[in-house]
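Chain IDs A, B, C, D, E and F follow the sequence of writing; residue 1 opens each chain.
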Amino acid sequence: MADESRVVCDIDLDAPGIRSGTLQLPLSTDVSAWGRLLTPIVAAVGGAGPTLLVTGASHGDEYEGPLAIMRLLRGLDADGLRGRVIALPALNYPALTVGRRLSPLDGGNMNRSFPGRPDGGPTAAIAHWVHSRLLPLADAVIDIHSGGSTLRFVPSAVIHDLPDAAQMRATRELAQAFAAPFTQVLTELDSAGELDSAVEEMGLPFLSTELGGGGGVTPETVAMAYDGLRRCMRHLGMSDEAVPEAPATRFLNVPDTGYLMALRAGLLEPVVEVGDRVEAGQLVARLYDVDEPLGEPNALRAPHAGVLVCRAARGGVARGDTVAVVGDDEARS
Amino acid sequence: MADESRVVCDIDLDAPGIRSGTLQLPLSTDVSAWGRLLTPIVAAVGGAGPTLLVTGASHGDEYEGPLAIMRLLRGLDADGLRGRVIALPALNYPALTVGRRLSPLDGGNMNRSFPGRPDGGPTAAIAHWVHSRLLPLADAVIDIHSGGSTLRFVPSAVIHDLPDAAQMRATRELAQAFAAPFTQVLTELDSAGELDSAVEEMGLPFLSTELGGGGGVTPETVAMAYDGLRRCMRHLGMSDEAVPEAPATRFLNVPDTGYLMALRAGLLEPVVEVGDRVEAGQLVARLYDVDEPLGEPNALRAPHAGVLVCRAARGGVARGDTVAVVGDDEARS
Amino acid sequence: MADESRVVCDIDLDAPGIRSGTLQLPLSTDVSAWGRLLTPIVAAVGGAGPTLLVTGASHGDEYEGPLAIMRLLRGLDADGLRGRVIALPALNYPALTVGRRLSPLDGGNMNRSFPGRPDGGPTAAIAHWVHSRLLPLADAVIDIHSGGSTLRFVPSAVIHDLPDAAQMRATRELAQAFAAPFTQVLTELDSAGELDSAVEEMGLPFLSTELGGGGGVTPETVAMAYDGLRRCMRHLGMSDEAVPEAPATRFLNVPDTGYLMALRAGLLEPVVEVGDRVEAGQLVARLYDVDEPLGEPNALRAPHAGVLVCRAARGGVARGDTVAVVGDDEARS
Amino acid sequence: MADESRVVCDIDLDAPGIRSGTLQLPLSTDVSAWGRLLTPIVAAVGGAGPTLLVTGASHGDEYEGPLAIMRLLRGLDADGLRGRVIALPALNYPALTVGRRLSPLDGGNMNRSFPGRPDGGPTAAIAHWVHSRLLPLADAVIDIHSGGSTLRFVPSAVIHDLPDAAQMRATRELAQAFAAPFTQVLTELDSAGELDSAVEEMGLPFLSTELGGGGGVTPETVAMAYDGLRRCMRHLGMSDEAVPEAPATRFLNVPDTGYLMALRAGLLEPVVEVGDRVEAGQLVARLYDVDEPLGEPNALRAPHAGVLVCRAARGGVARGDTVAVVGDDEARS
Amino acid sequence: MADESRVVCDIDLDAPGIRSGTLQLPLSTDVSAWGRLLTPIVAAVGGAGPTLLVTGASHGDEYEGPLAIMRLLRGLDADGLRGRVIALPALNYPALTVGRRLSPLDGGNMNRSFPGRPDGGPTAAIAHWVHSRLLPLADAVIDIHSGGSTLRFVPSAVIHDLPDAAQMRATRELAQAFAAPFTQVLTELDSAGELDSAVEEMGLPFLSTELGGGGGVTPETVAMAYDGLRRCMRHLGMSDEAVPEAPATRFLNVPDTGYLMALRAGLLEPVVEVGDRVEAGQLVARLYDVDEPLGEPNALRAPHAGVLVCRAARGGVARGDTVAVVGDDEARS
Amino acid sequence: MADESRVVCDIDLDAPGIRSGTLQLPLSTDVSAWGRLLTPIVAAVGGAGPTLLVTGASHGDEYEGPLAIMRLLRGLDADGLRGRVIALPALNYPALTVGRRLSPLDGGNMNRSFPGRPDGGPTAAIAHWVHSRLLPLADAVIDIHSGGSTLRFVPSAVIHDLPDAAQMRATRELAQAFAAPFTQVLTELDSAGELDSAVEEMGLPFLSTELGGGGGVTPETVAMAYDGLRRCMRHLGMSDEAVPEAPATRFLNVPDTGYLMALRAGLLEPVVEVGDRVEAGQLVARLYDVDEPLGEPNALRAPHAGVLVCRAARGGVARGDTVAVVGDDEARS
């Protein structure tokens, strides 16, 4: 039951103006008997209009979200705002503080923890509060992800192929407004526990992203997130601010047949970069065994023609790691 | 004394032909009473000519070295080779197996461990063997580095400003042959323990590199190392192989006044990319405190005009981390 | 179902006399395929009379409990005893062996684990056995806590404000018999998983304590627990032993508005000691940032007038830690 | 050689006025290739007069030092100051950030690391810089210690019995000025690696302290350090500030025969408090085995008559731990 | 629901012939955002006949299973096979890769994880797939265990005393075919979560083993498993291969009164070896305290007459560890 | 210098009678500011005669030493003893308490730490005290080793081929007295840091052993050590006690050409047992890759004819691990 949440939000989400505060979750550990996990939250409340929920750092090694969101928040003017922005720039705050994908407190993957549990670990308890308290307030949700430490993506928005036509249309329009260079359309929803599916089940437009990766950011990927958020606000009628135009986003289908996996550990030499076009069977990467420096590397080849959407970001891969993902333009697939 | 080394090399470094083997160092641990650290080594011995020593993965999170070296070795033909290539594609093998900068066995930084100690930890013992057994065989040494997990560089070769004019000329010529987009010329030698200084003290030409970073590689940076090595071999008269031409390298001076440091931990938004030109005082990065999402970020500014040579690769930095380094073209500085 | 418990108690809890034994819980780990967690238990069975359950080390860094209980047990004379004492001096035995609040086996907080689960981790399995097998035997329960490593309390008994008047009266009388210098009356019951609520729901008088803290004991705080237990036994009619008299306990209300929290990490200088009277807004502690040794410390002030009941015990606090708690005398509040 | 130090101090220690900065030591780790350890330093430079070096947090779980030093520094007025105060409130900065005795970077015990080594680990490198660069500037040194996490002391200054009469007199006068409740006079100098002996060998007056312990502070122990430092400055002629008077310090001899040790692990019940007088053979503490809750505890007795100077602060002790130390008044011993 | 499993098996279990592949379970970690746990599986499909499921390394420090199974698989000839062998030589693959009893991913004990959970940790998810997908295909199941790192057994097969006479007869016949030197008949089923009970509840014959221990194998124990598996296949009509004959297995009852436990940690000197006959009260082992090298060791004695079935394999035992287990021949017990 | 040792021995090694005590070494850690490492020592002093030094647990996972030594000590009668036994049953005490080869305090391998250093870590400091204080008292030294967790040996004494004929004869006679089933004669001395060489350099007879392995003991291997020690005492004229006779020991040469190493990690199936005779090229073990369960295992073959002296004890081996060692009878080699 929602009322059981042990999380307390210490700011008013309704009063006009802009303020920051924290979600307070009691946490009793060996090093703090009566401690609290404090997750930053900002509410920017303007005039009549929709509520946009913006989240970042669902994974703690993805930085475009918190950086672009803080840049956005500092530029907001409550007087000129129509509607409300509620922002959680550090959704998995403990993970962000250590720069790791998962929470160091309980190993929780925030984006597999929805709808959450009030009596679960910290990750599930925060997910539960967001699900039960914030999602009902929202008219649209944007969750900024990137590849994190171990993956590298074409800079892209991500949406799902939804059965409801009106919701799908609203979602595609949001992606068009965001205007990332690419927009991935994921056909199937193997997304148990994702914020994505939690929002989509409520019938709301939901936009996620995969901007870069490798555990860092570039000036360009932060700008994509920052400008994309502002374009979405304008699209939703929340602002009249001028934002730099961007070329139309390129929609890609990403089927589940496009995944390439390493069957053994090794050093990985990518020979195709994300965004490059590949033919079926084309060499995508070589996997070397440094114990046999004169041995023949393993050749990893594209399972079908298309565009390289994602590749492993690090030079070393383990058995079972995803090496690359091939999608394709909507028109072609 | 050199003879005391506990390292045994199990291949012949002199006999004609190409072969791989290991440096064997006894290692007694809780999980292996009588174990050995095995470091891969390759000897490619052709006709009369110089000996080139090539090393990679001196730091275990820098992958251009092992990848390009293995690609080079597989293409070598002992019959066509004039002279000898001795290659250690995984100089700090334990570090490479875990993808970390330092050895997980003893915390050793291989590139601060020269001339090594035969009775030291594994890192120092390997350094000692390389220093006492391989360097005396070498006519030139190339050590492939990149930025590793935490730094990102303009793709560059790295040389030092040496007092001996002939050695300096040979070194610059080697850098010109390698033809990385940039070549950093480091004026002062605060390089106690580096392989660099160990080689330079022997009067040999030495080339290091900083190719990319972020803990991964790109197809381009691996190609730079691979082609650069082949161009150097041709330059040294070891091969007549055709290698793609590259534009002339751009020499940069990197003074010790060019370093920007974070005085507190935070999330880092770079606003200038490596290779970009900056003016003195220009904003280079913003440092945010996510605990104060509406607070003003710290502005980090260029200490002088020049070119951004290096920046922090990750989105999170700690107190004391290097945020950026500014160098400048030789002509200008 | 209670019968499913995998815990076996290896002593008779009913036969006259005094004996010690263990609760045996099978535990299969990497270092012991067929191991058992053995939790010490003592039964002292005398003539007709009530059963008093006494527990200590529910948190493994709180030592007054096990010390005073063992001192009590060694002095018991089954012949002179009316009724029965069942004692668990080390309720969270694995935590006590490492001197930490939580169990090193499963991270379990024993006092958030009731009513337990027979198929849960060791902490929940022990809690379940105590709840299902011991609580039904008890007429009163005393659980000795103190501040542990990270908190420091006015030496106090702790009771809750219970809705049942008779139970409340019995509970207050038990606190008066115990005669700690202070008795905290906690108004609301945010005590899911506590032994407290588990016992109170059974309608029994329950007394907890908070005696000192800082991870150690003083001769005085051990004596308070030891004498308090003996006074309670006399009060319950179990013994006629002479025990040193103590001044009447001072009842304090502790509302949830009395908590002071650190919003950032720092070094904490308390300027008020536990037991001191404070006015609303009075400076309670200063929080310093040693990175800015000339900077102004954060001033933490009393939220309302009253008595300082608790403060952080260590010199360093983290973001979210409780710095101080202010209660007040019943008459005043 | 002193000049080899890799430490850079980024402030001027000579120019009039008050300023804070850092000692910068390069540190290359898996998580920061080009990082630096930054140790805070403050210089308060007034008119003509002596130089006082003040240090705290030589052990990272002793907080009176940094707290009292920062409180002192904020109150300094360079105009009214005769001479110079150089302060290192966090001598073992990495240890202080984790609240542990030893450095988490290299396990170094700062107070066993003097005179240090420029090419050693971070602890030795900082010790070397302090020894080679700061001690030559000093006319007197005060190093604030307390019992840390595991010991509890009578609040005391600590001096050594020095062979040079003039130095001994100056040292005793400094202790009298500091006016802690007690002053321990340690007869023998088994203090290899201590800052103490490094300073004393230079012929300077040196004062250390042991103020409280248990990993925290009290308002009183911070005030003792704060007031003691100010009284010492007045005594040295550096200030005319009025400071609260304190009773004359009580000098205690602490011979090496006064140590009581635990021969096995157990739970420790102290029955005498620090500062209490004990007779030879008097029970000082009981050591319990919770596995045998009805067993007889081990009785630990005073080896000779005197005053309890120190005891174990935690409820649990390990084999070999110091349980108590008995000293005695100078007149009696 | 079985269909929810996130595990994908990448080979055909029905097509004639022999092939190996993997069970693929998505696994998202800090070091691999999109990783997979790959558990090896082999299907050998011959002509008409029963399906035998063979598993090894349910505990990752028990090696007879994977070694004998791989030896068996390499010798199989699909043409000569009547029926099908499905083999999982590394059921708890992550545990096997680190040589520990439990999974390093989630601490899971595979043989306490049945029937598993599709949404649980990796251990439970694999157990669930095996339970829901493989067990329904099986006509008999053989699960090869041994003592692992911490126990040493008489080489034995293990069966349970089942209420169904037909199932019991089939099970005993399978044990007779396997022909280990001993066969343990466990009377009671405290086997919640075991593969054993999961299979037995389906009415199938199930054979487990305990072959040796100590974390290693001997040529003999691997041969027992290898030959035993082949004899069982012949017994089930799946093969006509000639296998070396073995003496009739010796059936032992192992009651729950036969367990000897250490009540404190110490060094253990066994004085009886597994397989030896003991009388009631006979000395089985001495437990020494090395802190008291002249003290009397603890004498551990046989609780009843019989045969030593199992003993602690390591020289050091902890409080609660099983020291020895005494069973007896069926005829005698 | 020997006098600098910080170790204190708290018993008299000269007074007649039998007593146990400890070597006390100060140890300052995060969890004990003033702790001590206490290493057990026993002195049994009888009438005129030689001094025998007996040590065990130089590696903490080798148990025959401490078990047999404690059994020996309990049976000693000072009245009947001619000479003196000084025993250190737990030479690397911290390692023994955790059951690991190396010290958990400093990673020290005790048998690579001689002659030790008074200012080194705990392992080196204990080695130094033994070397500088005990060895000068000794007339003969016996150091009981076994294979530990990771190796398994033919039960054997171990001596070195010494250049001094008289010392060699005395040493062989000691080995004949000990009468292990085998005696290994190691020809070369690559034994820097071993207790062996330290003693041998003093001209004393020194006997080591390798009894079993696998991290545990058998009744037989403990008896070999116990009886062997008693036979050596009788041989040295220290006792007239009757000891069971044993067959003459079988001397084996173990050349450095006899080592077999794993070049990659895998599961190891030994097909020859220690003590078995092998021909040159005979299959000794198979190394499997469980990722390729149908793949051909690596065949590891005997490098020359002889006797299998040692093999890997665990089922899993890592790259570089010793898989087997082949020696041969003196007569044959």
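Observations on the model:
Note that a contact is a pair of C-beta atoms (placed from the backbone, for glycine too) under 8 Å apart; a residue touches a chain by one contact, two chains touch by 3 or more.
No experiment lies behind these values; they were computed from the predicted model shown.
Touch-path distance (fewest steps) from chain A to chain D is 2. Matching residue numbers shows that A-C is the pair in A-C, C-D or B-C whose interface repeats A-E, with more than half of the contact pairs in common. Using the mean of the Cα atoms as each chain's centre, the chain most removed from chain C is B. Farthest chain from chain A, judged by C-alpha centroids: F. Just to note, of B-D and C-D, the chains joined by more C-beta pairs in contact are C-D.
In this structure chain B contacts its sequence twin chain F using mostly different residue numbers, the overlap staying below half. With centres set at the average Cα position, the gap from chain A to chain F is 58 Å.
The distance from the centre of chain A to the centre of chain B, each centre being the mean of the chain's C-alpha atoms, comes to 34 Å. In chain C, the residues touching two or more other chains are 38, 61, 149, 263, 291, 319. Per the contact rule defined earlier, chains pair up in contact as A-B, A-C, A-E, A-F, B-C, B-D, B-F, C-D, C-E, D-E, D-F, E-F. Looking at the complex, you find that chain F touches chain D at residues 22, 24, 27-38, 119.
On the chain B side of its complex with chain A, the touching residues are 18-20, 38, 40, 42, 57, 61-63, 66-67, 69-71, 73-74, 87, 89-90, 93, 96, 99, 149, 152, 214-219, 222, 267, 269-273, 288, 290-294, 296-297, 312-316. Put simply, chain B touches chain D in their complex at residues 59, 61, 100-102, 109, 112, 147-151, 192, 261, 263, 318-322. Every residue of chain B that touches chain C in the complex is listed here, in rising order: 263-264, 291, 319.
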